[in-house]
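Each of the next two complexes has chain A plus one more chain, namely chain B in the first and chain C in the second.
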Partner chain A sequence: MFSRAYRTAITLPPLVWVLVFLLIPYALLFCFSFWSVSPAQSIVHSWTFDNYRELLRVNVYLQTLFRSMWIAARVMLFSLLLGYPLAYYLSFHAGRRKDLFYQLVIIPLWVSYLVRAYAWKTILGSDGVLNTLLQYVHLTQHPLDFLLYSPFAVVLTLTHIYTPFAFLPIYASLEHIPPQLVEASQDLGASPFQTFWRVILPLSIPGVVAGATFSFVLSLGDFLAPLLLGGPSGIMISNIVVSLFGAAYNWPLGAAISFCMMVLVVALLFMSEKLEKKWSFR
Partner chain B sequence: MVLINTESASSSPPKLGTQPLLSIRNVAKSFGRNPVLRDISLQVAEGEFLTVLGESGSGKTTLLRIIAGFETADSGEIWMEAQRLDALPPYHRRVNTVFQYYALFPHLTVEENVGYGLKVAKLPKEQSVSRVEQALAMVKMTAYAEFKPGKISGGQQQRVALARALVNRPRLLLLDEPLSALDANLRRQMQVELKSLQREVGIAFVFVTHDQEEAMVMSDRIALLRRGELEQVASPREIYSHPATAYAAQFIGHTNLLTAEVSRGIARCKSLSWPVKLPDGVALFSLRPENIRVAAGNTDSDRIGFRGKVIWQAFHGATELLQIECIDGLLLSMRTASGQNSRGNLLLEFSPEDAIPVRKSQEAEKGL
Partner chain C sequence: MELPLRALESSVTASRWLPWHAALVFGFLYLPIVTLIVYSFNGSGVGGFPPRDLTLAWYRLLFADEAIWTSVLNSLLVAIAAVIISLGFGIPAALALDRANFPGKALFRRLVLLPLILPGIITGLSLLMLFREADIKLSLLTIALGHGTALISVATTEVFAGLQKLDRSQEEASLDLGANYWQTFRHVTLPNLRLSIIGAALLIFTLSMDEIAVSFFLIGRDNTLPLEIWGRLRRGITPEINAISSIIFVFSLFAILIWYRLRVASEVQPEIAAELLESPAQGD
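Then we have the complex of A and B:
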């Protein structure tokens, strides 16, 4: 239908883009992870597994990785717990206010990440809005210090930021459920709860899987929230990578960690795709 | 231009004398400022096959949805025997629906779809298994029990939807244009199957369609709905032979509508005139094409004879439809058996009792 020249002309630019900005950097990253740093702080281009051995030997790396996954898992859980009811309400009960609510969910996405993270800082800090209020109503005598610079603060902020990412695919999958199916279920005698449990929930699984993947993967790789609000106990794996590439000047070790993360994330995406396929019927 | 299957709908007449199964009383419904149903009263007898027939936008689906409980009427009541139905949510009504596009659950197998109603009713497993088996056997879908709805054809989905509704043993089954998504051959086959199934299970059916042929073939009674109002509720034969309104006469079958001036027991339409028992004034008559015949020669005294020229003819298989122009320009359709080779000028006749007086429908009719 289209000439060969035309097809080449339109496929070439994206191909070049992917090659230059994705494949070559990844290949370089992969190479770096097998190189090492000399005592004189220069990269030694000889192949070694030392970085991967180091990664398994030094506790802090694995610990931080597990902490990151634990934080991401909680963010995923809370995003789903907030996002699903919201999407359900919008899709089935919001009526005329649907568009308004939808915009209200979307608008925060246009606000800079930094602004939102800083906002939490002013709310959670020891002189922050929340602590002042708690002391004002005499619920506490002293400022609560676990609020800020803790994994709690990171989970809270990331949940705030990534809930829309969980909400959107769930909402899309709910909107795709034909209303006749809900009516058919009621018609066959199912109560609203039974209809939800047996029809709506199963048919929205692809959206839930996509939303869970988004919130988990995005928070797993996050480094700003832990940097601004995490404190020493809220450090995540990306912060370590950043410091290895920066102050520590150990690019090979940083590359090794990054590569492991990448493998982990790709495996997750692969699994979620399988799950979504298994649960979609159209 | 539709052929009427006169062999159909010869089942026993519904017993309307006893208490009806379903009574719709003065139901009205508007969407915004747009009235969809106005003052509908209708009764459905036990075991009856009632068809709600109407064009798109006539309100027929809305009426069905009000009975099922998916819409609430603005006013009026719906009773099932001694129980007020319109106060109940859909899941507490002993009414099941076969939806237009079947609405099978895509994530459940055929078997699970059919068993859905029994499962949510928490019926013991052994009972529900055997009832599902029976229902699948009834619609000849046993072999497909493990299939997902996406893997079977439209006609098969139709059968599953029917089994899924009937397995719950409802008092009343609602069918929302269930055959409209099927192609013509399959549709005719399903009409016969559906009708015999209905007789077999003895459950009252309220069947919604826009297809008047389908309505004629299947129904015990037809409720003809137009712009949210009932034009006529009667058996197919009655509605065909004695249409109450011009709209009913035109919508069901093919007809000639004659506007005549009645004076002193004689109706006159252009050069035609025939005796009637109506008061003076303007009246509208329906004269079916098959009731106009070529005069046999020995002109009977009570037949009305006239001359006409064949200007157009359409072959319909067993019959032909002829367009006749009378001397005064009056155009009439007539139906003859095929192969009569009727053309040119003809001497025609009709019986005065075949010119059925009909009420004028609300706005200007097509035809005469």
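Then we have the complex of A and C:
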């Protein structure tokens, strides 16, 4: 029903824009990763594998990448542990308060990410709210110094930020489960636990996979929480990229790291899409 | 054996720990926000329990702080530009995904959505390289271009969801009755998408006001609000930051209230995050 001219008119402008401002920049990132910096600090546009060799040669890059993945994995795990039961509760037990609770999960998403990370800093600091509270009630004599400037602080803050991201797709998948399936399971004599384990959980796997992907991928690339709360032991891979693009001035090496991250993320997205399809019942 | 038919509500394990777990999660989600607001009134700095010397001094300081308000103004300008760019290209993109077939459509859809799930640092850096190679000076404009481009994803998903609810026979009728495509778009399609578009605009506006990873790399001489706050965090912290954050929180609350009303009104299932990974287009 739509003419060729109409279809061109709606397709061409976004296509061109996305080409110029997304595809070309991502391609440029790839190109930069094969360029180098001259001693006079200008970009040399000739092709070399040196940046990738450097990545494999210097331990700190891979170590930091693995540390970032380990932090992201913990954030993913905790977000799912917090998000899944909450989604399950809302979906099956919250009754009339469901909508209210749902909005309560959404609201923190609208509060600035930076501000929430900052708030954790004021809570966890050595004269922060938590430490002074603990001393106030005489649980501790001295401030606990592992609370801030540690991987712990980064995992805590990122879990706080990404729990709603894990919750949302899980909740959506639970809401999509036809009630008849649950009823049928009960009518056929399954115990509540069996109903959960054999019916509800498998049907919610696509949501779990989506939530896990969100929380893992987004925390993997984070650089503000580690800068603000991580201290030296909480440095993540993006912090290295930031410093390579700043003071260290080695854009090509930074581009190589970023490109590796991008490949990793796209591979994870691809895998999660496959997993979701496999477990989807629609 | 008799199997009583019970209501679905009570039939799934009503474990006693579930409500407690929910309360715990809500406590965890709201603890920093409550702390933030309480300590914006705290006379003796950002830490220290219990809060003491309640005061409005930090708000007074804030209202006299020109650098903050300049950055708020900058952020507003960037957010408005971002809304215009992302809707300007996101609405046609959603229409294209819904009703046009072209080579590379699947790739196009993935590419549009990518900035949402890709760590912001990668999108920010890539654009930085583009502007550098094209010799474009960094400014608020480059930030607006970055936000606008990254948030086309939000506009596209929201409007695409709206299009799925749209009854195409209305457009057909309009075309059959002699309206041209532009008139049909203007008088039939657009009004039907009104709620999705306003919802998307609100979401994009708020996300842009808060965005920092992309702005971090595209910043020129003028700060946006998050970058201004970021700069201050690195120099040492005062409850003035709590104060500005609390004010923004109140505004965000209004935005989300409107946004949620719209969602309910347009009967689109509220699942922001889920839409993004679930492949929206069946027409690949």
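Keep this in mind: the second predicted complex is superposed on the first by the 282 of 282 C-alpha atoms of A that agree within 3 Å, B and C clash if a C-alpha of one lies under 4 Å from a C-alpha of the other, contacts with A are read in each partner's own complex, and residues count from 1 in each chain.
Assume contacts are C-beta pairs under 8 Å (C-beta built on N, C-alpha and C of every residue); 3 or more make two chains touch, one makes a residue touch a chain.
The shown structure was predicted, so the numbers you read here are calculated from the model rather than taken from an experiment.
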### Query
For A:189, is the partner it touches chain B (first), chain C (second), both, or none of the two (neither)?
both
### Query
Regarding the shared-chain residue A:242, is it in contact with chain B (first), chain C (second), both, or neither?
second
### Message
According to the stated criteria, A:152 is in contact with first (chain B), second (chain C), both, or neither; which is it?
### Response
neither
### Task
Report for A:202: first if it touches chain B alone, second if chain C alone, otherwise both or neither.
first
### Task
Would you check which partner chain A:34 touches, where first means chain B only, second means chain C only, and both and neither mean what they say?
neither
### Query
Among the partners chain B and chain C, which is in contact with a greater number of residues of chain A?
C
### Message
Contacts for A:107 in the overlay, against chain B (first) and chain C (second): which applies, first, second, both or neither?
### Response
second
### Message
Going by the contact definition given at the top, which residues of chain A touch chain B in one complex and chain C in the other?
### Response
183, 186-187, 189
### Task
Spell out the part of chain A that touches chain C in their complex, as residue ranges.
1-3, 5-7, 9-11, 13-15, 17-18, 21-26, 28-29, 32, 82-83, 85-86, 88-90, 92-95, 101-108, 110-116, 118-123, 125, 127-129, 131-133, 136, 160, 163-165, 168-169, 171-173, 175, 179, 182-183, 186-187, 189, 192-193, 195-196, 200, 206-207, 210-211, 213-214, 217-218, 220-224, 228, 238, 241-242, 245, 251, 254-255, 258, 261-262, 265, 269, 272-273, 276
### Task
Quick one: which bits of chain A touch chain B in the complex? Just the residue numbers, please.
178, 180-181, 183-191, 194, 198-199, 202-203, 279, 281-282
### Query
Across the complex, what residues on chain B touch chain A?
68-70, 89-92, 95-97, 99, 101, 103-107, 116-117, 119-121, 148, 150, 164-165, 168
### Query
Can you list the residues on chain C that touch chain A in the complex?
1, 3, 5-6, 8-9, 11-14, 18-19, 21-22, 25-26, 28-33, 35-36, 39, 46-50, 88-90, 92-93, 95-96, 99-102, 108, 111-112, 114-115, 117-123, 125-130, 133, 145, 149, 152, 168, 171-172, 175, 181, 206, 209-210, 212-213, 216-217, 226, 229-230, 233, 237, 241-242, 245, 248-249, 252-253, 255-256, 260, 269-274, 277-279
